[in-house]
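Structures incoming, each one as structure tokens.
You will see chain A twice below: alongside chain B first, and alongside chain C after that.
Here is the complex of A and B:
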């Protein structure tokens, strides 16, 4: 799929679907690193990863709220919603790999790049012409001359959504209508979403939509070159940086210079899970293979449950939380099991979603 | 990873036979290596090696015959004055994550062991105990949490 400049409601829907897909796509990589940490160890790293992954869930839910507010229909169970890993994200002139890997220095480097993408300095650089990688997480942008361009980074993608929302609302207002005609009953509100990485914002107009976008794009990288976001919380980028620099940030610290207590990281207290493991890596038939297949099927069911929750049944989020704990249990079970025939590599969930015909 | 991979594999096979859970399930608890080293720590390498040696012989003699394996295990290990109590302790270890002292008769016959006292192997050992999947329940507060999940019927796993 490629996107165009947002001038129609359909195109806005396409962007918001892509946003949900993008926000979700960071979750399996974060979970893989999180659950690869051996229980009882690495409490600093565990908590940083946990905070970040929960906030990505908030971003996903916020994107669903915006889509519902403008009359769209979230669908997390459709084919292609979960990418094949490794996938790629744009970082200015290049792309970088986002894969499923154990907690490690390399994994944290990738997370730093996810959370603070390069920013284009000028408006004219928001879109760049360069080689396209397969498995890019952001759709390409179809220019007026029909050539494919690329968003400079995630920030530019959200900027276009913000611009498109304002533009379409202005157009609707000319004829006395509103862009935000979605059923309010489809909004996820604090009644069913709480303790989940920040306040959920029900979206009902341009202001709340822009607020939601701001939260999504600033929770990661901080607010205007400071280490705290506009809610006063340490941003994801600087949370991860503490693990690499081995020191906590304190209020008043300058970026890149944490002055708090030491952060203990035991890079070895980690299950040696195979990077970007896929079902084909597991012998067949085996209990390991069956468990990995089962994990993927349950994960797809879970995405189906979220789709229902985002389609007017927000109370289902309570059951979905129970699903998440079971997902954790099954993921841990896989990660503790060696892959036969490898020298010391363990299995991991593969997040390869079964095709509709197989379910 | 434990140094002696072959002994560890034998330990896993023995554990699987005496607990009724598969090696995949046992490894999935994340406790296998810690129980193996607990056993060695308490009993010493020679005694653990002797246990595994008898188990290997029983396996070799019975092959795929499950009924014969059951019979020979009872005769060669569970009825053995020295190995029987150890094997029973191993089952308890897997099910509740706790090492219980060997029986008084064992200690009289084979000597007191310094570390043969009651202890929980680790905090994770409690929540990963096989008793929970065996009865289709979750360790309270440690697994399967989430608001309201207690009102759902228990999910009995396949054992």
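Here is the complex of A and C:
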């Protein structure tokens, strides 16, 4: 898919669908690393990963709120919503791989790149012309001359959404209408969603929409080159960095110089799960294969439930808690078991979504 | 030494402490102590907290040590997550044995003098017993404060429900109570117009709904009075859905896990179902959540592993001069240093047993001689059976609903009131299910594989357990004493308790059993209740036998009243005999009705903090640092 400069409501919807897809796409890699940690070990790493996953879910929900506010219909169960891994994110002039892998130094390096990609230094650099990889998580940008350009990084993508929202609202206002005509009952409010850090923002106008975008794009990187974000919360980048530097950040610390208590990481207390495992890696028929198929079916059900929750039934988020326990259980079962014939690699969820059954 | 490395920035060492004079010295880092420390430090006062137990719980890894110990422990009793500590021992239900008449049992920490063995416990770590409590947060009924006047039974409080109501609101905020206010106005409980709880009620379980369907509207007659039974949501101090109408529309932000490092965790209740003895995600309130706020002021010193051993009085004016404590660095060794804590005001916030123990060990029985007397608890009668259909037992938090209709009424002239809880954790408390059920199916029914799984699910998910929490009135013969023959490894005197049930309470227990039969009949429940005559808590009454469990709601050992002759403390929990000493907690309650004590003792802590602040304000001259 490629996107154009936002001048129509349809194009805005396309962007917001892409944003939801993008925010979700980091969750399977984080969950794979999280659940690969052996139970009872690596408490610090476990909690860092867990908080980041919870906040990526917050971002996903915020994107759904914006989409609902402008009359769109979130759909997480549609074909292609979950990418095939490894997938790629842009990092300026290049793309980097985002895959499903065990908790490791390499995984944390990837997470650091996800949370703080390079920023273009000049306005003219927001879009770049370069070779594109397959499986890019961000859509390309169709320029006026019909050539495909690339967003320099995720930040530029959100910047365009922000600009498009403001532009379309201004256009609507001219005829006395509003862009934000979506049903308020489809908003997820703090009643049904709260996490330790960052709060859900119900979106009803340009101001709240921009606030939601700011939260999505700043929670990862920190606010104005500081280690804490606008809400006073340690940004994802610096949370992950604590694992590499072996020390917690405290208020007042300068970037790269945490002064808090020690963070102990045991890189070996991790199940040796296969990187980017897919169903074809598991013998068929086997219990392993059946469990992996079951995991994918459950994950798909979960996405279906989120779709309903984002379509006017927010109370279903409570049931989704039960889904997440089941997802964790099934993931852990897979990860505790070796794949026959691989000399020491364990299974992992593959996140290959079953196709809709033909009728 | 590992115990002293975690959370170090917030600690002080004993030598520092002894050379300072604090505005307030508090004994005990449980909920009462935490609330008072927070209230006073927020307004600028310097506070020292002496805590007998280790203090490594204010970090996530510290908390997780408790969790790991709980998961690994074969016994899942109330104190299973908390390490054995010889220097600050804890009573454990697993220590209790059947008593022989006239022979005290000194095998556990508490010396049991009988006649009835009591398996109640408390927890001696930072956070106190709120670490293992269930989180039920019911207000007392207005009539509970006037038992003597209204029913000619028990004692009146020197303060009324109306006087305590504003402090109940503060406590419901601090503890983060989830409940729907429209369900909670019964038996005279009044709320201010427009009041809502911080969070909406925790959703009723499927089991609750099934019981409600069969039971709601059923009428029972008790001594001529008619009561219609209703299954009602229980207010509880665990995170649920915040109510946007709270505080005039400002809403409420739930408090998650506490940690000295920034780690967000501990959101809404996930239904893990082991609230007692520890919530794995800190969705349940514990006093550490209040304590971190107090510590953040920089004016509170927390000295863990310091056991208060003596309250020292100035014989000239009766004021407390200082509190002696024994500080140990290693819970495995009795090696310790003795220190003194000096302040302008002293607060004993240990708990009803430890407060009385410390006073009596200091030879301070009070003018009234009531210190340690009127020991109360809530006796529990458990009844259990199998529902006719699968009801999803073991889902949801431990208890979400109950029957509160017989908490009040004219019958209280004659017999005890009671509250009923429906247990989502099935027969766990009564029989040790599901572990006991599993053992039974494997060992006695020889099942394995799929058949074992099916049978386990079939049995466990039909379980219904009702817990009847019965009123116990103050009785001077139920008491805590000390005896020089019984000391702990640090040389502190251990508590000796005498405990028995009056006919008033036993009539309430007998009625509870009859009512449970009626309820079971109506619901089509197969009654599996049996009381073993060999059980340490077995009592016979009017031809029937019952097993009576302790409720961990220790109270009454320093009751409040209107004069030094009839009570130990006044309506603000200040000692009549020692004007700079406060004894706080459930020990101050003259009656406890049918409410779990934590919410009420938290409300009392707010009231007392206000009184102490007023006194300290009168004399604003700063505490001076004197040389040791």
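Here, the second predicted complex is superposed on the first by the 355 of 359 C-alpha atoms of A that agree within 3 Å, B and C clash if a C-alpha of one lies under 4 Å from a C-alpha of the other, contacts with A are read in each partner's own complex, and residues count from 1 in each chain.
Please note the rule applied: contacts are C-beta pairs under 8 Å (C-beta built on N, C-alpha and C of every residue); 3 or more make two chains touch, one makes a residue touch a chain.
Being a predicted model, the structure only gives us computed values, none of them experimental.
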Could you tell me whether chain B and chain C fit or clash when both sit on chain A in the superposition?
-> clash
State whether A:234 touches chain B only (first), chain C only (second), both chains, or neither.
-> second
Looking at the overlay, does A:298 come into contact with chain B only (first), chain C only (second), both, or neither?
-> neither
After superposition on the shared chain, which partner residues are touched by A:51: those of chain B (first), chain C (second), both, or neither?
-> second
State whether A:260 touches chain B only (first), chain C only (second), both chains, or neither.
-> second
In the overlay, answer first, second, both or neither for which of chain B and chain C A:172 touches.
-> neither
Please indicate which partner A:13 is in contact with in the superposed arrangement: first for chain B, second for chain C, both, or neither.
-> neither
When the two structures are overlaid on chain A, which partner does A:248 contact: first (chain B), second (chain C), both, or neither?
-> second
Give one of first, second, both or neither to describe whether A:40 is in contact with chain B, with chain C, with both, or with none.
-> both
When the two structures are overlaid on chain A, which partner does A:78 contact: first (chain B), second (chain C), both, or neither?
-> neither
Chain B/chain C common contact set on chain A | 40, 318, 321, 325
Of all residues in chain B, which touch chain A in the complex?
-> 1, 22, 24-25, 27-30, 122-124, 143-149, 152
Complex contacts: residues of chain A adjacent to chain C = 40, 43-44, 47-48, 50-51, 54, 189-192, 194-197, 233-234, 248-250, 260-261, 318, 321, 325
Any idea which chain A residues touch chain B in the complex?
-> 38-40, 286-288, 291, 318-319, 321-322, 324-326, 329, 332-334, 336-338, 344
Within the complex, chain A is touched by chain C residues 59-61, 64, 68, 200, 203, 241-242, 244, 251, 253-254, 256-257, 260-268, 270-271
